[in-house]
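First chain A sits with chain B, and in the next complex the same chain sits with chain C.
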Partner chain A sequence: MDKAKKFIVSHAPFWHNGNSVNERYYHIMIAALPAVLLGIKQYGIPAVGVVALSVSSAILWELAMNYLTHRPITIADGNAALIGLLFAMAVPATMPWWAVLTGTFICVVIGKHIFGGIGSNAFNPVVLAVAMVMVSWKDLFDFDGALLNYDLDMVMAYPLAAVKHFGVGAIESFSTADLLLGRQSGGIGATFGLGLILGGIYLIIRGFIRWEISVSFLLGVFLTAWIFNLAAPDRFAGPTFHLLTGYTLIGAFFLATEDSSSPVNFIPMLIYGAAGGVLTVLIRNIGAHVDGVVYAILTINLVNPLLDKIRPKAVGKVV
Partner chain B sequence: MIRKSFFGFVKPRIEYALLSDQHLNIVEIPDPKSINLLVDGPFNPGEATLLKEGDTVKTGQKLAPSTEKDAYAISPVTGTVTSISSYAGDFGKFYTAVSIDVSDQEEFDDQFETACVETTLPVARNYLTQLPGKLPLNFFNDSEKPINTIVIYGGDNDLLVTTNQYIVKSRTDDLKHGIRILNQISDVDHIIMAIPGEFLQGYGHIGAEVKNVPIEYPAANPFMIMKDTLGRIVPAGRQSEDLGVCFITAEAVAALGSAFQNGQIPVSKLMTVVGKNGDQQLVSARIGTPISHIFDTLGITLSEKDRIILGGPMTGASVWSEDYPVMPDTSALMVQDKEMIPYVSDYPCINCGECIRICPVYIPINMLVRFLEAGHYEEAADQYDLYSCIECGLCSFVCPSKIPIFQFIRLAKYELGRVNSAEEAHG
Partner chain C sequence: MTSKKQLQLAYGLAIGLFIVGVVCYAYTAFSAKPLDQPIRLMYKVAAGNVLFDHQTHADESGYGLSCADCHHHPEEDEEANQACGNCHVIPSEAEPVPKTCLDCHEADEIEDAIPMKRSDAFHKQCGNCHAEIEAGPLEKECNSCHVR
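For the complex of A and B:
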C-alpha cells in the first residue's frame, strides 16, 4: 500500500450535471447569430465593423476591469462577448465608432462591473447602455436618418416611427411576411423576426432562458396592442405589427431574460414579462418615445427584486 | 454521472437505483490483517479505560475506550489491540481510533449471549447500537420526546446504492424477527416498513405496515418520507424524532433480529461498492476493514487525485485516506477517477434559477447563497429558510456557476450550531 497517495477530498455532491456558465452564454450567442447574419447581409461591411468593434471592445473593457479590480480574468466566460453582440444587434449599422466604444463601456463598466460584476447587475447592461446612448445622442438611434444612404429592396422607413408620426395608414406597405423575414429597417440584429423567434425557441428548449418571461412578455405586447387597436384602429397598429417591429423580439428573448436582472420564481416571472410587454406598448402608443422596449425592460428590471419576493413558502417554514 | 438532457427546460428526473439480478452476487471480503475502529468521542489518555494496547479481544466483545462515556464499539474480529489514538473527523467530530491485529483463530465473546435472554431496551443499548446499519436506540424511552412511530426504510437514501434493498429481499426472516424485537424493546406499536417503488408484494406477513416510497430522488430522504408518505411536515430546524418518528435502516433491524436469534452480535457490513465506471457490486466485509482492503480484493486500483467516497454520489463524504475503516453506517463506497471529478468554483451566482426549480422544499437558494457566501448566516436562517434544507445536494448538482451550495449550507448550519451552543454554555 502506497501511504503517500493523495486523494481529492471535497464536499458532496460528487456529481454535477454539466451545466456551465460558459455553455449558457455561448449558446445564447449562437442563437443570436441568424439575426446578426441577416443584418450583416443587408447592411454589409459597416455592420460587420459595428459588430466586430462592439464585441471586441466589450471584451477589452471586461479585461480592463478585471485588471483594475484585481479579479480573475473572466473574458472566457462569454458574458462580455454576449453583451457586445447584443449591443451591436440593437444599433444601426452606421453607428460611429466612438458611440460603439461608449456604448460597450456603459454596458460592461457601468452596467455590469460597477454593480458588482456578473450576477449582481440590477439592470440588463445592454439595455442600460442603449438607453443612455439613446438619450445622449438622439440622432444615432433615429433609424430613418441613420440608414438614409441605404436603399435596399424594401420599404426603408422605420416602421415604429412611421406609425407613430403618420398613423396606421403609413404601415400598410409592411406585410407580416416582410417583417418576419427582416425586410424592415432597424438595428443590425433586431429586424429578422423569424431568426430571433427560432433562436429564442432554441434557447427555451435548451433551458438557457426562462420561457415564462419570453412568453408573458410577448403576450403582454400582443394583448395590449390588440386592445389599443380595437379602441382606435386608425391610430394604433395591430398586435402582430407590434410583435414583429422594433426591439420586441430581441427584447422578449434576449434582453428581458437576462439572468441577473430578472426573477426566478414562476409567478414573478409571469408578472415581470407581462408588465414589460404592457409597458412597451403603452410607451409606443401613448408615450413620447418611438420604441418602448428599452424603457419597459429598465422598469421591470427595477421592480424585479420586489417581484421575486412572491415565492412559494419553504417546506417546514415556521412563520 | 447523470448529464443534463438536451431539453433543458424540463426538470430533470433522477431516480434511485433499483435492485436487479445483476446485483445479487455478493463478494465476501476476506478478513484483513488488521482493522481500525472509530469510537465516538475524543481519546483522553488520562481517563480510566478498560482497554489497553496489547489486550486481546474476541469477536463480538464490547470495547469501551473510556469508562466515563457510553460510547463503545463491538470488536468485529479476534485479535490484539495495537494502538489507541485520537482521530479528527469532519465538522469538528472527534473519535477514538482503536487498531486491532487480527489473529487466525476466531473466538466468540459470550457476554451478549448470556445477556440476550432478556429482550429489553437496556440490553440492546448496552450491546447493539453499533450494529451494521446503526441502531439509533438513544431516541427510545426519552420522556421529553416520546417516539410513537418507527419507520424502517428498505431502500437507500442515495443514488446507485442497493444495500438495504438487498437486505429486504434476502433476509426477510431476520427482518421479521427484528421488527418483533424492536416492538418489544421500544414499546412502539406503529411500525412502518417503507419500500421503494416496485416491489410491494409479499410483505404482508412482515409485522409492519408496508408503504411505498417513490423512486425519484430525493423521495427517500427522511424528511421527504415524512412529508409524502406519512403526510407530516417536519418544521424547519427540527428532526423527525421531535415529532415522534424514528428512522431505522432495514439492515439494522435485520441485524437486530439475527443478534437475538443467534445470541451473537453481527459484525459484517453489507455495502454497495461503486467502481470508477459506475458499476455496482454488493460486498460484505467486517466492520473496521480498511477500505483499501476492499478495493484490493475487488481489483479496483486507486491513483493519485482520485476520490474515495463513503456513501453515495449526492450526500456521501469523501475521505483522505484509504486506511479509513468501514463504519457501521457505511452503506456504500464509491471511487471516482480524477478525470471524472467535477470541480467547484468561486464564480458568483448568476441568478439563473436552476436551483430554485429543482429544490424539493422551495428554498430561495439564489438569495440564500448570496448571504452564505458573505457569511451572514443568521440572516440566511431568519429570512431565507436555511433550516428548511433537507440536504439532498440537488442545488449544487445543477448549479452552472458550480458554487458548492450544499457545502455552504452545511457549513452555515454547523457554524450557527456552534454559536448557539456557545451562547447556551455561557448564558
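For the complex of A and C:
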C-alpha cells in the first residue's frame, strides 16, 4: 500500500508548466532569497537563527509525518523547506525558538498533512500558521514591540501601525524609495519591496505562479486604498504606501498564489486575487487589525472552492 | 536534479540548518549585553500600549534633551540615570520605602517623601514637558501615547 499512488482527477482545464513539482518549490525559494538576505543583513544573527530553525524544523515535521502516516518520504520535493522559509519571512527576527517550532508545526502538520498532504490543503499552510500564532501570542507579531532594541539606520516605527494609530501625518518620513529598498521594519523577508517584486516577476515569467492572481491582488489593494485615500487623505494612506508595506508583496507573489488553495480558471483567479486585495485594505483601514493580508488570504482560500465552480461550459455537453 | 540528490539536499538542509539555528539562538541568548541606555521602550497597559522612543528623546540628532531633564533624582548625578520604576513604586508591607532609596538615604529620613507610582510619574513628567515645549502629546491626548 505504501507506494500506491493516489491519483485524483478533477474537471478541466488543466494547467501544466512543463516542470515537475519538485523544481517549482526550489525556484520559489530562490525567488524569495533576495528579500530574505536583506532581512538577514539588517537583523543579523537572530534572523539567521529564525530562518535556519524554521526551514529545518519544517522539513523535520514533514519527515515525522511521513513516518507516522507510513507514507513515502516527501521531503525531497522542497515543499516543506519552502513552507519553513515563507514562515520565517513573515515573522520578526526576535521570534522565540518555541514559537518558530510551533509555527512550522502548524504549517506542516495542521495546515498541510491533516488536510491530506500536498495539493489537498484548503488553506495556505503558512498563512494559517501565521494567523494562528498571531491570534495566540499577539505580542510576537507586534513589530514595534518585537524590534525595540534594534537601531537600524532608518525609521523604526512599523509603518502600518503608525498610520493606523496616528494617521497619515505619522508616515511622511517614509519615502517610496525607502519602502522599496527595505528601509522599514517588519518581517524578516517581507520588507524588501524591490526584491519581492523581482522574485515575483521571475516566478511569473517562468510560469511557476499565475500572474492573474498576483496582478489582481495588487490592483485590488491599489484601487481600494486609492478610494479611501481620496475620501479622507489625512486618515488613510495612499495606494503606493499600501502596496509596499506589511505583507502586501509577499502576499501577492508568494502566499495568495499557493496552488492548491487558489483557483485555476481565468475569471475565478481574477476574482480571487482582487477580493484578497480589497479585503486587505478594508481590514487595514477600518478593521481591527494593523495588517489585513493574512486574514484576507484565509478568506479567499475559504471561498476558493466556490470560485472554481465558475468555469467554461463543456463543449457538446447535452444535459 | 535527480530525486536522489534532492533527498540528500533535503536531509542536508534539515540537519545543517537545524544546527545553525540552534547555534544562532544560543549565541543571541548568551551574547546579549545590557544597553547603556534604552533605544525604545514599550509599556503594556490595558489602556493601550505606549511606545516611548528613549533614544530620539535623548539623542542630539533627535530632540536633544539632557538626561537630567527626566532622570531627576538626585539632581545632576549619573546615579540618577536608572529606571523610574526603581523609585516610583507603590509602597507595600514588605517594602514600605523603595529599596533603591536606601542606597543613599536612611529609611526614617524619607518616610514622608515616598514618590508617586510610576504611571503617575510618567503622565506628569511626559505631559508637563510636552506642554512646556509645546511639542509632543499632552497629558489629556491619551491616544497620542496609548495605542490599541
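One rule holds in what follows: the second predicted complex is superposed on the first by the 301 of 319 C-alpha atoms of A that agree within 3 Å, B and C clash if a C-alpha of one lies under 4 Å from a C-alpha of the other, contacts with A are read in each partner's own complex, and residues count from 1 in each chain.
Just so we're on the same page, a residue touches a chain if its C-beta (ideal position, glycine included) is under 8 Å from a C-beta of that chain, and two chains touch if they have at least 3 such contacts.
Quantities reported herein were computed from a predicted structural model and do not represent experimental measurements.
> I'd like to know which partner A:Val264 touches here: chain B for first, chain C for second, both or neither.
Only chain B; A:Val264 stays clear of chain C.
> Once the structures are superposed on A, label A:Trp98 by its partner contacts, choosing first (chain B), second (chain C), both or neither.
So A:Trp98 meets neither chain B nor chain C here.
> Based on the superposed arrangement, let me know which partner A:Glu23 touches: chain B (first), chain C (second), both, or neither?
A:Glu23 contacts both chain B and chain C.
> Have a look at where A:Asp144 lands relative to chain B and chain C in the superposition and call it first, second, both or neither.
Touch status of A:Asp144: second partner only.
> With the two complexes superposed on chain A, say which partner A:Arg210 touches: chain B (first), chain C (second), both, or neither.
Only chain B is touched by A:Arg210; chain C is not.
> Take the contacts of chain A with chain B and those with chain C, and give the residues found in both.
Residues 23, 77 of chain A touch both chain B and chain C.
> Flag every residue of chain A that touches chain B in the complex, lowest number first.
1, 5-21, 23-24, 77, 117-120, 204-208, 210-211, 259-260, 262, 264-265, 308, 311-318
> In their shared complex, at which residues does chain A touch chain C?
Per the touch definition, chain A meets chain C at residues 22-23, 26, 45-46, 48-57, 59-60, 63, 73, 75-78, 80-81, 97, 139, 142, 144-145, 148-151, 156-157, 161, 165-166.
> What residues of chain B sit close enough to touch chain A in their complex?
Those residues of chain B that touch chain A are 1-4, 6-10, 12, 159, 223, 227, 233-238, 292, 302-309, 311, 313-323, 334, 336, 338, 341-342, 344, 347-354, 356, 360-364, 366, 385, 387-388, 393-394, 396-402, 404, 406-407, 410.
> Which of the residues in chain C end up touching chain A in this complex?
Result: residues 1, 3, 6-7, 9-11, 13-18, 20-25, 27-28, 35, 38-42, 44, 49, 51, 55, 143-144, 147 of chain C touch chain A.
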